[in-house]
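Pasting the structures in now, so scroll down.
Here subunit A shows up in two complexes: once beside subunit B, once beside subunit C.
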Partner chain A sequence: MMEQALDILIAALIVLGGSFALIGSWGLARLPGLMARLHGPTKATTLGVGGCLIASMLYFPAKGMDFSVHELLVTLFLFITAPISANMVAKAYLHERKVAEGRKCDPAADAVAGRMPLPEASSATCDWATFGAPEASKPDTL
Partner chain B sequence: MTGSVISGALLFAMGCVALAIVLNMWRLFRGPSAADRILALDTLVINAIALIVLHGILEETTMYFEAALLLAMVGFVGTAAYAKFLLRGDIVE
Partner chain C sequence: MNRLLPHPGLTALLVIIWMLALNAFSFGGFVVALVLGIAVPLFTAPFWPDRPKMRFGLPLAKYVLLVTWDIVIANFQIAWIILFRKSRDLRPAWLVIPLDLTSTEAITMLAGTISLTPGTVSSDISTDGEYLLVHALDTADPEGEIARIKQRYERRLMEIFP
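Up next is the complex of A and B:
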């Protein structure tokens, strides 16, 4: 009875994990604009993988094999790194947009085009996303 | 009874993750911006980790966890390096 309940719990975690992974990737494929697309992979997919890993952590002791902390390590690592990589991708996107359009902050034009406004640059040479112009920080003669 | 619930769930979850990988590949090829492609690659790595873990449960072996851990680390470092390159035009300054 106990074993059966554990099996059903593991199966539920696996199904939930797979569903969340699919929902996250569906969001990545379907949502408009990168800032919206970031939500799918960073939240839903990370949660989905976490579900699969916790199911695996319960499965092996249930089958009489040794308990291992590898899954816990992978889960912790993914949950810690997901927001960091999302932040870096968002900064890269804002920087890329600014460079491609060659313009400074223009909230009125953004409102007309339905875009998220670019953040204010903190100074003429220092961009919000780059924390300093790449050309200025690199010496020409090396 | 005991095995069939888990193997059915595994089949469903692996199908879901495979479909998720196809959707990621679509976003990877379509873009439109480089940041979209970085995000698609990052998600692709996370889904690959899920597939490896599910395959480990299916095969009843703990051998694949090292692969999953390595892929998680390399995936994060790769994403950070791509984003850094777009931001600064260089990875190690």
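Up next is the complex of A and C:
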């Protein structure tokens, strides 16, 4: 009885994880524009992988095998790498816009997210790090 | 002590990760973990001259739980948007978040949190390190969203990184 309940729980977690991974990928294909597409894989996929990992952590002790902690490491690495890869894609997008439009204080309207703001409207020296000159940044904050 | 262990936190983290990767406790494995935990911070010390000022305590544990909970909620929200919202009904926006945090570790953690939680991806930081550029997938009230991020995450990070 107990074993059956555990099996159902594990199956439910795998199905839940699989559905979220599928929805995340569907979002990547369906949402309009690059920045919107980024949201699918960074969010929905974390729970997709998370569900499968929890199921895996439950499955091996339930089947009399050794408890495994590798799943915790996978979670840790996933949480470190997902924001960084999203950030790299976003930076590449910002670069592309600079090349395409020539970045001035008032870039042409973006069809997806409206015009991209500057850190401070009045400031001429301060810009986003993707565009800024390295010497303009404070060394102690980098 | 300080010269042998320039970054005790990093040493502890390396030992824990090495032991988790081994997946079984053995004395030999623990010795290798200790050697790595001491050697890696020593050799990489020139990259981080200062120790990050960070409190490992109740606020950090609470923050991790809060972010984990928010990630689960974020997944359902984004899944809902992907499945049932029409593309033309989305209201994406760029948010500029003025930062009160100053340490690089704290800003990194805030940016990572923003990327993992509801409908926002952090895209860039200003050259002076005082503003964060964030893309929101669907927001009716950009100002409110900025205030929410500052209130919910940044205020808590200020306690962890004094």
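Note that the second predicted complex is superposed on the first by the 106 of 142 C-alpha atoms of A that agree within 3 Å, B and C clash if a C-alpha of one lies under 4 Å from a C-alpha of the other, contacts with A are read in each partner's own complex, and residues count from 1 in each chain.
Going forward, a residue touches a chain if its C-beta (ideal position, glycine included) is under 8 Å from a C-beta of that chain, and two chains touch if they have at least 3 such contacts.
Everything quoted here is computed from the prediction, not taken from an experiment.
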item	value
Touching partner for A:55 - first (subunit B), second (subunit C), both, neither	first
Partner chain(s) touched by A:47 [first = subunit B, second = subunit C, both, neither]	second
Partner chain in contact with A:38 - subunit B first, subunit C second, else both or neither	both
Partner chain in contact with A:91 - subunit B first, subunit C second, else both or neither	both
Touching partner for A:79 - first (subunit B), second (subunit C), both, neither	second
Touching partner for A:26 - first (subunit B), second (subunit C), both, neither	both
First, second, both or neither for A:68, with subunit B first and subunit C second	both
Subunit A positions touched by subunit B in one structure and by subunit C in the second	24, 26, 38, 40, 46, 66, 68, 70, 73, 84, 90-91, 93, 129-130, 137-138
Residue ranges of subunit A in contact with subunit C within the complex	20, 23-24, 26-27, 30-33, 35-36, 38-40, 42-44, 46-47, 66, 68-70, 72-73, 76, 79-80, 82-84, 86-87, 90-91, 93-94, 112-120, 126-130, 132-133, 136-138, 141-142
Residue ranges of subunit A touching subunit B (in the complex, touch as defined)	3-4, 7-8, 10-12, 14-15, 17-19, 21-22, 24-26, 28-29, 34, 37-38, 40-41, 45-46, 48-49, 52-53, 55-56, 59-60, 63, 65-66, 68, 70-71, 73-74, 77-78, 81, 84-85, 88-93, 95-97, 129-130, 134, 137-138
In the complex, subunit B residues that touch subunit A	1-2, 5-6, 8-10, 12-17, 19-21, 23-24, 26-27, 33-36, 38-40, 42-43, 46-47, 49-50, 53-54, 56-57, 60, 62, 65-66, 68-69, 72-73, 76, 79-80, 82-84, 86-90, 93
Interface residues, subunit C side, partner subunit A - complex	17, 20-21, 23-24, 71-72, 74-75, 78-79, 81-83, 87, 90, 92-94, 96, 102, 104, 111-112, 114-116, 118-119, 121-131, 133, 135, 137
